[in-house]
Amino acid sequence: MKFHPFFFTLLFSVVLTAQEHSHKSTGAIIFPDIPGYTTLKTDLHQHTVFSDGNVWPTIRVMEALRDNLDVISLTEHLEYQPHLKDIPHPDRNRSFELALQEAKNHDLIIVHGSEITRSAPIGHSNAIFISDANELLEEDAEDSFATAKKQGAFVFWNHPAWYPQNPNGNPNLSNFQKDRIKNGELHGIEVINTGDYAAESFALALENNLTIMGTSDVHDLIDWDYTEKGHSRPITLVFAKERSEAALKEALFAGRTVAVFNSLMVGKEEHLTPLLKACITVEEATYIDNTSILKVTLKNVSSTDLLFENQMPYTFYSSSPVFTVPAGGTKIIQIKTLEKLDAIELKLKALEAYVAPKKHPIIQWPIIVDND
Amino acid sequence: MKFHPFFFTLLFSVVLTAQEHSHKSTGAIIFPDIPGYTTLKTDLHQHTVFSDGNVWPTIRVMEALRDNLDVISLTEHLEYQPHLKDIPHPDRNRSFELALQEAKNHDLIIVHGSEITRSAPIGHSNAIFISDANELLEEDAEDSFATAKKQGAFVFWNHPAWYPQNPNGNPNLSNFQKDRIKNGELHGIEVINTGDYAAESFALALENNLTIMGTSDVHDLIDWDYTEKGHSRPITLVFAKERSEAALKEALFAGRTVAVFNSLMVGKEEHLTPLLKACITVEEATYIDNTSILKVTLKNVSSTDLLFENQMPYTFYSSSPVFTVPAGGTKIIQIKTLEKLDAIELKLKALEAYVAPKKHPIIQWPIIVDND
Amino acid sequence: MKFHPFFFTLLFSVVLTAQEHSHKSTGAIIFPDIPGYTTLKTDLHQHTVFSDGNVWPTIRVMEALRDNLDVISLTEHLEYQPHLKDIPHPDRNRSFELALQEAKNHDLIIVHGSEITRSAPIGHSNAIFISDANELLEEDAEDSFATAKKQGAFVFWNHPAWYPQNPNGNPNLSNFQKDRIKNGELHGIEVINTGDYAAESFALALENNLTIMGTSDVHDLIDWDYTEKGHSRPITLVFAKERSEAALKEALFAGRTVAVFNSLMVGKEEHLTPLLKACITVEEATYIDNTSILKVTLKNVSSTDLLFENQMPYTFYSSSPVFTVPAGGTKIIQIKTLEKLDAIELKLKALEAYVAPKKHPIIQWPIIVDND
Amino acid sequence: MKFHPFFFTLLFSVVLTAQEHSHKSTGAIIFPDIPGYTTLKTDLHQHTVFSDGNVWPTIRVMEALRDNLDVISLTEHLEYQPHLKDIPHPDRNRSFELALQEAKNHDLIIVHGSEITRSAPIGHSNAIFISDANELLEEDAEDSFATAKKQGAFVFWNHPAWYPQNPNGNPNLSNFQKDRIKNGELHGIEVINTGDYAAESFALALENNLTIMGTSDVHDLIDWDYTEKGHSRPITLVFAKERSEAALKEALFAGRTVAVFNSLMVGKEEHLTPLLKACITVEEATYIDNTSILKVTLKNVSSTDLLFENQMPYTFYSSSPVFTVPAGGTKIIQIKTLEKLDAIELKLKALEAYVAPKKHPIIQWPIIVDND
């Protein structure tokens, strides 16, 4: 059987289209590495039946594999145990062990963690890279944090803006947090939890040099809470020296992260700028025949749509100065350079990325013109 | 930049999915060749502004290329010319010439045709492979048919069941058609026109050995009349000795056709059976470990869904005895052969295909079991 | 602000389209009542963390509500308890209690059940409407069945064709089952389990007057195992005198069921025929102007596509004799009645329904022609 | 037959979803009126077989109705007539007449227009509201413009940045255009033609007080050139005192327009600001229980997605400061007002709208808090 050549053209275009949209339809989260670092996709705040979640730890592993994550942590509340009657485990490490076992044939890092749970102003905090969760179960929160520190844990403050603990949604550091920071017992802060981004938490992170975190805090199913609604779960991208638990830990203590929820990206300029730069590759740059209009094909290798605004001294021939490069797809822009150039600096503002509560990063890509 | 291996698995599955659905989403019509013949996808009844259609002939060429057709004919009404005031062409061959010119850089055969248009009982008929349409414009329909014969035309009766000419929708041969058949001036009959299939027209074709035809009879746009509604335009598959106009003509006179509209396929058993057999390939056939259950993967290489019912002496382990192999996709069936066999004859009834007004073909495929 | 009237036409058509496809996209399963009975949609074979499933019972309740079910049963294996180390419950009723509590504010019936689990030839069986699961946990399967009977349970044989227990996939009643039937301790049989339909199990049901069952046997998530693949979970439709647990039990003992998986429907003729008849309503029946062609609009009020073949003495004007009425949608057929009639009997064979392993039901609907 | 109440909930949510997406899927273009004016959706630059287009004028009327337009003009090239051999019409008004006839039973205004076609620097210009196209067919372009003025025409310069006439894509007024403006013979300028937006053309419009235009300039099919690619055709929104040809003409001469292509909106601040304000309605505004977080539901009544950035002194609780209100859909934002207020001014920057080449409008909506 032979197919008409036209068929292959059609097929090819369809396959390309699928590729362009593949990330979203599968839910797989994809981000490129940046110079010097491997980009680890992590969700370090999750629950199972071993605290107030509703699934067995195996489901969390399967969800993470479906989402193409590199790292997860099951951070059961130490103190809040609504299923205790049915799961009367004396060992708070059990959820971690079950996830570890499920993940052993997969390329997924399971980090040992727990949630230290108090009412305001102490609130909730996750301690990860712990060695024994049981030891953290103390009467006084101060003792829990001290023990976590002894175990070498990285600790971050969860959802500081959460309105059940904070009726105006506007977080401030209490003396408790100030002391923990001073003692080297609190290292990070969630700026995105569930779908909620708090600009004030971001400001606190920058002022206090806390590591910027984004997490799903999932209790039911990732599909029901995120995918089905057209969302990707919130994650923390961690820029590690290699793909290992040790490198992840080093990077978190060093504060090399970007928090991501759908197209919203929040991080320090030194991390967000190289990330966005790596997300876009320049596929082709040629002048339209007999013109000084440079046609440039941009490819977005990440799984999130990226929205930009032109910041060059030149205008575009066709598209709007504000444009999206779709997740996994391409966008052609045509730049009126007024004369034919050999090279040019593409300069765009990333409109859904923040390097400070009201500041977008400006990204630059060198473009070498293809001359035949 | 490196991607996690899991990404490729995901991507691959998405690309495969796209491939499975590609035919439909693009509108490309695909059917395999059958032993001894090339399968030509034809739409031999269409109109443009040169009779009562609303597009220039170039649009018909572009539509055919989008639909992956091999052959079209623009069969303008010789006698019904509502745009004559604006297009006062003295030459009835003009539509053909314009299509020919547009198609010259594409792999599409344009057949020269015209529609001889009368009221009932003569009705409408298409003469194709004509040399000069002007000569067919005669007062008496008999003269038009005689001239068509002189030019070597293949002539078919259009929409015999069309209710504006036939209020009960039940066609019969009038003396006019009987005489034309006797004189060798009428060779085919539409059993599908627009979306309308007439079982009685099919019966007439079989009784009078007329070539079975299916056509779109499009006047506006293929997109608006078919694609947008989820349909593929009606076509005639012609089984020709090679891909050429001469071979097409020989095959039409020899009656080697199947009319197709979406999943409905109508033809003589000798053509429909090999066509359906070629549409399905057996991709894999292995016994499930330690069982006598044979797992068989069927692939549908055509662009239409195919509906089958099991006719074997064995039952299936999982799927219903009635099942669809999706266009361009695969379906796994599990056959309980009761003991392990080396070979087996797959035997299925094609529920949306007709070899007579109430008779479905039964198709057989030899399956050799893969033994490791 | 005013909208152009055309907008409303467009909007209306879109809303209608959504309605036509709504069932599938939401996963809601919908079937009409039949004369004399309420149709209950049930899934009576499911697992949670309390045996070898991976979710808390609350998730099963939420899944059932999403799927629009009326009844579920969480039938934990009494004997197979892989999570026993973590959930060392002495009480085998716990899963039921938790589901009951979650469902209390919803219109969902939770039936108390357990799975009695043995190797072949005894195999697996579900006992539902039990009063205390703990009492069923006996060394000898005979004792478990006897206790179930004492508790008034309805008991059905699970997946008799399951190849891990039956390498040729071809079930037969062992002496164990024969004795249980004789003793009034076995009342039903799964003909569909997971996606697997066994024609032989259906034959056994008919020969031994066992109630015909279809179940999901879900262990992970309904979304992952069914919805995501384009499937609806297998269910048993039960025709009960009212919507209550007592009426459900009476109906199951009386054998008034149809097993459904996607479009496959399996049941006795006396239940399947009225069900299919109720699934299709005739919306409109008028003659096309000046013709004897009767245009009939059929509406499918169920959530499954229904495939029919014409069995009338009349042919259709347009569509194929084989056609689908889409789930929640409509299909127009045009019947050539040859003369204008006041009433007509529509007669269709249901090609994906079985009233015996190789027998499709033929359904009749009286049509009164709308005369202006 | 009765449906479970849950079914209606599901159905309702699906219908709402359909409504949210209805505009795009149908292609219907929808924009609200603004205070004092009716918003007319117009495409005043199109071609048919009567110049270098490929469809009969009737198709353009049908396309406009599908797109929900209020006004079209078929602006055939007076001088470029590639189909002249086949359509040797002596009357350049013919295309208009045929469209008028087709539109007579529909609520669509057909404006009589023609394209005056010269090489650079004169270029192409459309004259609309003419009385006789034949009179405009003059040797000297100056004479064509003078005649157009005599007929009372509104004239606009087409695609000034078009690179075949302007190799650096950077338009400037030539003496020809300067003279025409001085003489009151040139009144508008396309800032968007096909998919091409030229910031420089927009600057020229503002500097010279020319009416801002956007047009499709379609030659083949709107479906192929726009809809199929996920685009809406470029249009000019005209703010007229009523829905009539006379009011349209008055508004065009008065310069009350906004050019739109997909989500890009270009116009003077005095028109764009009320348009965007009318596109968003505030559906609900209530404080979340026991908090000072105000939950506001925004509804986008237009057929284009609208992208905004927060400009208030308050931050959001959940969503990103940059967010989209989808076409025909809603978006909930949660504003941290720090104390409970009775009213608040919502203040957003419209990121895909331009009131000058680099300036986005800031829109304000008064919000009255719903107090129970």
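Order as written gives the chain letters A, B, C and D; numbering starts at 1 within each chain.
The rule we apply is simple: contacts are C-beta pairs under 8 Å (C-beta built on N, C-alpha and C of every residue); 3 or more make two chains touch, one makes a residue touch a chain.
On a predicted model such as this, the values are computed, not experimentally measured, just so you know.
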item	value
Residue-number overlap at the chain B/chain D interface, same or different (half cut)	same
Selected pair, greater C-beta contact count between A-D and A-C	A-D
Furthest chain, CA centroid comparison against chain B	A
Chain centre separation in whole Å, for chain B relative to chain A (CA means)	51
Between chain A and chain C, centroid-to-centroid distance (C-alpha), Å	42
Centroid distance [mean C-alpha coordinates] between chain D and chain A, Å	38
Multi-partner residues of chain C (each touching 2 or more other chains)	none
Residue numbers on chain B that touch chain D, as the complex places them	49, 53-56, 58-59, 62, 83, 86-89, 94, 98, 220-221, 223-224
Chain D to chain A touching residues, read off their complex	161, 163, 167-170, 195-200, 261, 263-264, 288, 290-293, 307, 309, 315-322, 334, 336, 338-339, 351-352, 354, 357-358
